[in-house]
Amino acid sequence: MNRMTGNDILEIFKFIEVEMRENSSHLIHLDSFGGDGDLGISMCQGFRGIIEELSNLDLSDMELKDVFLKAAMAINEYSPSSLGTILCAGMIGGAKMIGTESESFSVRYRNFVAGALDGIMQRAGSKRGEKTILDAIGGALDALEKSIASGDSPEDAVQAASSGARDGMEATKDMIAVHGRAAYRKENSRGYVDGGATVGMLIFKAVSEYVVGN
Amino acid sequence: MVMKKIMNSADSFCDEMLEGIYLAHGDKVKALDGDLRVLVRAGSPRAGKVGIVTAGGSGHLPVFLGYVGEGMLDACAVGNVFASPSASKMQKMIEHADQGSGVLCLYGNYGGDNMNFDMACEFADIQGIKTAQIRVCDDVASAPLENAEKRRGVAGMIYAWKIAAAAADKMMSLDEVTAVTRRALGNIRSMGIALSPCIVPQAGKPTFEIAADEMEIGMGIHGEVGIEVSKMKSADEIVTLMMDKIVGDMPLSEGDRIAVLVNGLGGTPMEELYICYKAITEYVEDIGAVIDSRYVGEYATSMEMAGMSITVMKLDDELSELLDHPASTPFFTNLNM
Amino acid sequence: MVMKKIMNSADSFCDEMLEGIYLAHGDKVKALDGDLRVLVRAGSPRAGKVGIVTAGGSGHLPVFLGYVGEGMLDACAVGNVFASPSASKMQKMIEHADQGSGVLCLYGNYGGDNMNFDMACEFADIQGIKTAQIRVCDDVASAPLENAEKRRGVAGMIYAWKIAAAAADKMMSLDEVTAVTRRALGNIRSMGIALSPCIVPQAGKPTFEIAADEMEIGMGIHGEVGIEVSKMKSADEIVTLMMDKIVGDMPLSEGDRIAVLVNGLGGTPMEELYICYKAITEYVEDIGAVIDSRYVGEYATSMEMAGMSITVMKLDDELSELLDHPASTPFFTNLNM
Amino acid sequence: MNRMTGNDILEIFKFIEVEMRENSSHLIHLDSFGGDGDLGISMCQGFRGIIEELSNLDLSDMELKDVFLKAAMAINEYSPSSLGTILCAGMIGGAKMIGTESESFSVRYRNFVAGALDGIMQRAGSKRGEKTILDAIGGALDALEKSIASGDSPEDAVQAASSGARDGMEATKDMIAVHGRAAYRKENSRGYVDGGATVGMLIFKAVSEYVVGN
């Protein structure tokens, strides 16, 4: 998998949507500790919305950047919850950095993830280490950097990102939330994994499974 | 606790509620360009008036949309239960509410709403519409005073809207409206307790449980955890601990004139709210302050959640006048006060 | 279900609630001669106007006392939760409300209230005060049409009061007020469902339970058993079965103009009431009738009971005019409609 | 016990109040089948109210008729529920018929009970056989007639009335309610004893225990 088209992106969103659906009650559960327990619902709606919007477009010739901008507006429209809006900001940030086909898959992937991280930090006023989805994305980015430095294949890159995201997610367990509703729990927000970080992990997992499988 | 709601399906919950509202109050409010999720006053906006808009999740009736009407808000974007509406809907609403003098976006401080309003205002900027944003952060239970900007917005919104909308109705400029609303918010504090959880239709079960003999002190209107879980107390004790917290944050002195809102969260009967109001009058009397205005009832709910909140606004002559300015929406009026 | 109420004690529940109400609305209502249990308008009664009074148990706010005010009732005697006030309190209230043109006692058909009003009117007779009594019997679920005088009075009372009080406000005579109120009641039907019980403070536990997946169709506002227990149904199904029962009792035809009251029993969120209102509009539209006026909200509750009732009043020109006549109490107004 | 004073009446009301208090939850339970479950509460309030009012009066020289009229107004004031009001009507009816000291205790008791039955029937528009307190009172009256016909003593009379009231109460089990909230249950009101009839039985029981014990 070196050449990605808009259709691949749509297929990846379908993989992500399945993950969200299958983990819906788990996400609701995690979001209930400090949040309002809507995470499983809002993520299913958001990714279904993206799929619906993208399915109506001829994606084969569309630039990936534009596909992500469409997806960004769609997730905000269909799931304007905190995380839906954060993912919107992330996709806008990623789209800006995704570059052109002249670059390799792994580099584009790394640049997209870096752009997403940046976009979210600006929109949401947050940074890594604050028990959010940023920790999963940051974990993926670190792993991607390493993987690219050692010249890994696209398959290795996505798998590295996936396990990096999982590490980032797991690290949120010991963090204190400072953003979102969970922040109201202060010290008590320690001890469980962040729901948004779990969403991040699931996204990287879905990307990895799609890329490895195709 | 099992979900038991009079509805047709969780997915249609909000849209059917909205259709019911438009059917019932079509002479007062309408769906902007047929979009159920953007509710505006039925008449055409008054030229030159500053627009006052809000947005937020469903499940809090009469908040948010119930405060759109004469002498109150111009428009409201409506999200799913407990979820923000999208930036694009907010943008449409801002565009509609702008009559050349700009628009104040006045809403509760929640992550999703904040980011979406930020985006919407950036879009509006590009269109050349002047906007101001004020996030209501009145819940003293949700963060200490030094982090007051992190506090959640709860029933204090109603006073903020009342003041801002009255100022706009008197044809003040956007800067003036914003300034008086900020001043009002500096004088507004709220605190709530919850006795039972509520169920988001699409979740199907409560996000938390409260033991039969316990209550959550300081719980948020979406069930965000509060300050502490305590054994049930008497109405007098509950009012005292809530008022202590409010007055600890915003001191009240002899002779101060205040407005008080005793708000039912949905499942708590009005009888109990008046028992609390009595206790509040005694508390306030001990300080020597005077209650000049009071609202007692369901003003900002969390569906079937049992519990109540107290909001206090310290008044001055201007705030009193704006509070008394006539307002009339299908869900709220002070014409009978 | 365990009792969880914000109160100080079961014994002081009603009096503290009343004190709260007088403290909050002292400019509109007052305790007659300091008796908390006899609530009258704050101003002095209008000379020559027919008095309209009611009485009933507590626990139904805004019913009963919440309807005392401008264009509405003149006085209300207040009982303990779900219990009639005494004949002597009713008598005092009647005496106060009489301005030489007589007094209409308009109340729900319950054994205790009936007997006490009978006694009170006998006392009033002796004092030379002209009285008329009308018992509201609007609940179609509580007895068949041929025994309509045995039916319970539920939310239909609100329409009855609105009509009677408007007629009195227009200075009609006692006979005229009585006649138009009777005619209105001939055109009023209600039906309710309950999803959860409520707890009388002094009893401390519910008088009945409803299974988590069931509802009581036709239940009374004190938890009197209804027509049947059924599995929970969708909002559309619930509205259809309620409207079928109402329309089966009082046929509606194409072109009929009606007023509809969708009433929450206390624990049911307003969102659900509007979902029901939407379903009602569809039902009524299928018949070809027209909804000219609607109230949606908590108008007659049973404390924290979850459930709702539908009331339909068939209108004619006179009833419409009386319904639209301005009314304003601390708990009810049509000034914003 | 041949001469009764107002003080005896007050003592009897105290006996009755104890019965109501001790059977409060049972009365609530019975009233819950078809009614609103307030019976235990309202009866306690009502009889406490009577005791309070009568305790403020000098009863020793008061005519029994006047004592009962005071008690009637007091129970209505303190417990204006259906049954409180019915007992008010009953006491007014009984007071009218209680006669003077020229008659024997048993005759006066019989006349009082007959007057009470009548007073209630008129105020409440009901009659025996309709699953109400009237069945207990009627049962007591029948037994009193028999007891007087056979020349029984006051002690025998009150005991007869007590067991007659109990029979009347028990007979309500198979009746269908036609009055009060229980009437809404129609056929389903069969199968349990009426709460008001139980109150009636407890009253006659208390009278009997006081008279026999003094």
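Per-chain numbering from 1; labels A, B, C and D assigned in written order.
Methods note: a residue touches a chain if its C-beta (ideal position, glycine included) is under 8 Å from a C-beta of that chain, and two chains touch if they have at least 3 such contacts.
All of these numbers come straight from a predicted model, not from anything done at the bench.
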Shortest walk length in steps over touching chains, chain B through to chain D: 2
Euclidean distance of C-alpha centroids - chain A vs chain C, Å: 55
Whole-Å gap separating chain A and chain B, where each centre is the average of the chain's CA atoms: 33
For chain A paired with chain D, centre-to-centre distance based on mean C-alpha positions, whole Å: 77
Residues within chain B bordering two or more other chains: none
Touch-based graph of the chains, sorted into line, ring, star, complete or other: line
Complex contact set, residues of chain C against chain B: 2, 4-9, 13, 16-21, 23-24, 58-59, 61-62, 69, 195-196, 212-213, 215, 232, 234-236, 238, 266-278, 281, 294, 296, 298, 301, 303-304, 306, 308, 328-330, 332-333, 335-337
Footprint of chain C on chain D - complex, ascending: 28, 31-32, 34-38, 40-42, 45, 73, 76-82, 84-86, 88-89, 123-124, 179-181, 183-185, 188
Sites on chain B touched by chain A in the complex: 79-89, 110-112, 115-116, 118-119, 142-143, 150, 152, 200, 202-203, 207-208, 220, 222-225
